[in-house]
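Shared between the two complexes below is chain A, which pairs with chain B and chain C, respectively.
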Partner chain A sequence: MKNIKFGLVNILKNMKNEKELKSSFIISIIGMAINNVAFTILWYYFGKTVGVLNGWVATDIFGLYAINSFAFGIVNAFFYGMVEIPNYIVTGNLDKFLLTPKNLLLKISVSKFQTSAIGDMLFGLICGGIYIVVAKISMVQILLMILFTIIVSIIFYSFSLICMTVSFYLLDGRNISTGLYGMFISNSLYHGGAFTGLLRIIFIFVMPSLLIGVLPVEIMKNFDINSFLLILVLTVFWVIVSVLFFYKSLKKYESNNLFGFGG
Partner chain B sequence: MYKLSSYTGNIFLHGQICAESLIIKKLLVDLRAFFIVKYEIGIRIGEDYMKIIEVKNLSKDYKYKVKKEGKGFIYNLFHEEEKVVKAVNNISFDVEEGETIAFIGPNGAGKSTTIKMLTGILYPTKGDITICGYTPIKDRNKLAYEIGTVFGQRSQLLPNLPLTESMEMFGTMYDMDKEDIKKRIEELTKLFDLKEFIKQPVRKLSLGQRMRAEIATSLIHRPKIIFLDEPTIGLDVVSKKNLRDLLLKINKEEKVTIFLTSHDTEDIQSICERCVIINHGRIIIDTSTKKLLSDYVKNKNIIITPNTEFIEFPDLPEGMTYTKKSKSQIIVLVDTEVIHTQKALQELIKRFDIDDINIDNESLESIIRSIYEKN
Partner chain C sequence: MKKTRFSLNIIKIFMKNQMQNRTNIILDIANMIARCFIVFLLYAYIFKIQGGTINGVDYKTTMWSMFMYFCIMTLNLRHLDNEIMSDVKSGNVEMFMNRPRSYLTLSFMRVLGQGLFSFVMISIIGAIIMIISIGVPSVNPVLFIPTLILALVLGQILALFIYGLIGLLSFYIQDIRPVHWVVDKLIMVLGGSYLPISMFPKVMKIMAYASPFGAINFASSTVYDSWNTNCYKMIGMQIIWILVFGLILFFVYKKSKEKAMINGG
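Now for the complex of A and B:
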């Protein structure tokens, strides 16, 4: 309970800290939303041109972006500190988290707020609205979409944490971590119809890019209890693996004496 | 403590029954005084009560990979040799509650590594650490409530917000309720004289103000020990002096144990009662600052000014060397192990027409420098 209270206070303070830079705050949000709109339009027209591809139609792109962008926004807005782990390791700024009480992973995760991620959340909401109207989805499907947004946020956080934790094993793992993270995200944004056979297995079980958008949209369209349970089991799996991996890797931390402000 | 109070409690109960008897009352008072004195002595001499930091045979090794010269990239990719550096090598020391201790050494001596092990940041390779009864790595969370840390090179404050916001955030982190946080902020504002800038965004503060803010924030939860790594780095002389005075104040008024590393000998001399000098990962000296100054001062500087002006600079006896030769002033360094100061003075009076003489002890800085060089 104390951890939750601390987490909320920290998120609010960090949000306030970013909000102080008002113009940059607003530009970041609007800029990110516009950037995402352009990307979605591109995929939408691709979907329209190709027609039905492995069960995917153009409007499904909105469903994909609704879940994916909103989950990305939640993780990056409120838990952006986790994405900063490679930086914290290289600069030695991880020290300050080890010196204070409360859950370490929570402290790190809520230590930074990324303003532009609000733009992603906003964009996710818009896409969700469009999907509800255009695809004429039922109430059950809407509730399923909300549930999936929460589940996807958890998977998003967990696998991103694994990508960032890799940095503990390298002298300067920032590029490797960012590369893995980028690969994980970019594959989650492609047209769902493109993933078949071995590619599908890899991006579900090895790098769970399809779990954070494509698979939830497919389940939403044609509910299948096995696929639904698979997502739940894999969510628990990635949460456990990521947390254990982080705490085991922490022993590799050797600190550093580089200069820095605020971490 | 429990035993003492329960024992005296029983005696007072007995005293109430025989309240009329002045003799018994007097006896009770005497007995009580006896037990209190005995208890206080127990604290003073009982080591377990006093030690706030205990370090035994502590070591830390760092491993790094070395590429073989003359071998290609592919070879080195699979055959890198691992080398080990002993950053801290089997050190032991204790710190008592309320002590002000300087943990000093040249760059790369192992100071920061030791502090990082003491605070639970780094895992020791070998040895035991107990701080406030906790093992730092195992009980990191519990220990955090007992210690405060300030690293001169790093900020823990929210840069765009006023200091109060950071203090509130840290107060919540340490489970303090709103009222307590408010009360503590008021106390620290008074103690550290933060009023003039407490509402300003931290980013707009001067370095001296920021360091005051950092230290004040690190004390929000009333820690028993504060670890300071180069707290005066980059500060001007006035800010340095202010900060030193503040550290002395918190040591006196809040009984906070101060564990400090600094390359600034003024910090050490004005704040710390005790000096632990570390070099190449080993403790080479652990003594009081006063003793360090008296035992290790082997040289004295004699500064002489002329009646008119110095023209000639004759040779000096063994153990005496010129460190400054000018028409208006001569400074002579005297090695007191070779020649006594009184004899040196006589030698100078013989040679020069002197108006004024000053004798200075060797500075702490040069004492520490010579210790580093010898070790």
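Now for the complex of A and C:
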């Protein structure tokens, strides 16, 4: 409970800081929302060109982007500090987090706020609205969509943490971490009908890109208890693996004498 | 002559600097191969179920076009605006502007030098892998090679002008990133990144060929059959856009310089 309160206070403080630059704050949000439209247009037209692909129709793209963008927005807006782990390691700024008595992972995660991610959340909401209207989904499906957004956010956070934690093993792991992170995200944004066979297995079990959009949309369309349970089990698995991996890797960190204040 | 030598020297310095960072180069290559591999697998499947061709274009041509797009992206000219913004925010821009050489030329050569080695390496290694895995593209070499080089050079000059212009906006607005995102995505979509131009609907095809954002990546269209008949028109479009954006850039740079001097840097 104390940790939750601490996290919320930090998030609110960061948000207030960002809001100080009002014009920049608003432009960032709107800019990011417009930026995201590009991918939707791209895959929507792809769907129109190829028709029904493994049960996926063009409008399903809106469902995919609704869940994916909103979850991405939640993680990047409120827990952006986690994405900054490689930077903290290279610049030696991790020291200041290690010296505080609070929960380390939480303290790092809520140390930064990314304004543009609010734009992602906004975009996710718009896509969700369009999907509800165009695909005419039922109330149960809407509730499933909300539930999946929460689950996907947890998977998003967990696997992103693994990508960032890799930096502990390298001299300057920023490129590798961002490369892995980019690969994880970009594969989650493809048209879902294109993933079959081995590729599908890899992107569900090895790199969970399909868990953060494609699979939830498929379950929403045709509910299947086995797939639903699979997502739940994999969510728990990635959470445990990511946290254990982070604390194990943390032991590799060598402090330096660079001074950093704040956080 | 002196100016050319100066520009080449800057490119050489930054290129040498990049060559020292071998981990980054290996990573760039690995990243590119991984990205291409996934996209190619996806499209192999899609072309297979569509009967081998989509909108009259076959798998091999489409993959070569996408490969070219990804190669061009490794030049990383899209970071130019960010570099200019960093210089403006840190105040370093004043130091550069007070030098006898143009700050813009310096910035252009800097980003070019930073990405050139990766681009050359990835293009060579990638092209070999492409030839072995999916074969040589069906093109007319007499027309293809010179027009590819020309379209590539003109496209990248246009990219420098457009990203340079966005960078100069940092003299006027606090954060240029939203502008960068929008323009960058337009270039990405209209350039045929994840969705090949051959699959575009009519409206988007027109936008890709008539807008400056699509013109940046005309080099990736050189493998299509339509290039044989449209190449002169498309290269002409690139030249027109270069002139338009060159002029705008010239005036905005002049104004930005005045602004920097008035504010005292």
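Descriptive notes on the structure:
The criterion applied here is as follows: the second predicted complex is superposed on the first by the 256 of 263 C-alpha atoms of A that agree within 3 Å, B and C clash if a C-alpha of one lies under 4 Å from a C-alpha of the other, contacts with A are read in each partner's own complex, and residues count from 1 in each chain.
As a working rule, a contact is a pair of C-beta atoms (placed from the backbone, for glycine too) under 8 Å apart; a residue touches a chain by one contact, two chains touch by 3 or more.
The structure presented is a predicted model; accordingly, all values stated were derived computationally and were not measured.
In the superposed model, A:Asp60 lies in contact with neither chain B nor chain C.
After overlaying the two complexes on the shared chain, residue contacts for A:Phe46 are found with chain C alone; chain B is out of touch.
After overlaying the two complexes on the shared chain, residue contacts for A:Glu218 are found with neither chain B nor chain C. Touch criterion met: A:Lys5 reaches chain B, while chain C stays clear of it.
Of the two partner chains placed by superposition, chain B and chain C are both touched by A:Leu21.
Using the contact criterion defined above for the overlaid structures, shared-chain residue A:Asp120 touches neither chain B nor chain C, since it reaches no partner. Within the superposed three-chain model, A:Leu98 lies in touch with chain B and out of touch with chain C [touch as defined at top].
By the document's definition of touching, neither partner reaches A:Glu84: not chain B, not chain C. Shared interface residues of chain A, touching chain B in one complex and chain C in the other, are 21. Residues of chain B touching chain A in their complex: 62, 112, 116, 119-123, 140-142, 144-145, 147, 149, 151, 153-161, 165-166, 168-170, 172-175, 201. Chain C contributes residues 23-24, 27, 30-31, 34-35, 38, 41-42, 45-46, 49-50, 54-55, 173-175, 177-179, 181-182, 184-186, 188-189, 193-195, 199-201, 204 to its touches with chain A in the complex.
Those residues of chain A that touch chain B in the complex are listed here as 2, 5-6, 9-10, 13-14, 16-18, 20-21, 92-93, 95-96, 98-102, 107, 251, 253-255, 257, 259-263.
On the chain A side of its complex with chain C, the touching residues are 21, 23-24, 27-28, 30-32, 34-35, 37-39, 41-43, 45-46, 48-50, 53, 116, 172, 175-176, 179, 182-183, 186-187, 190, 194-196, 199.
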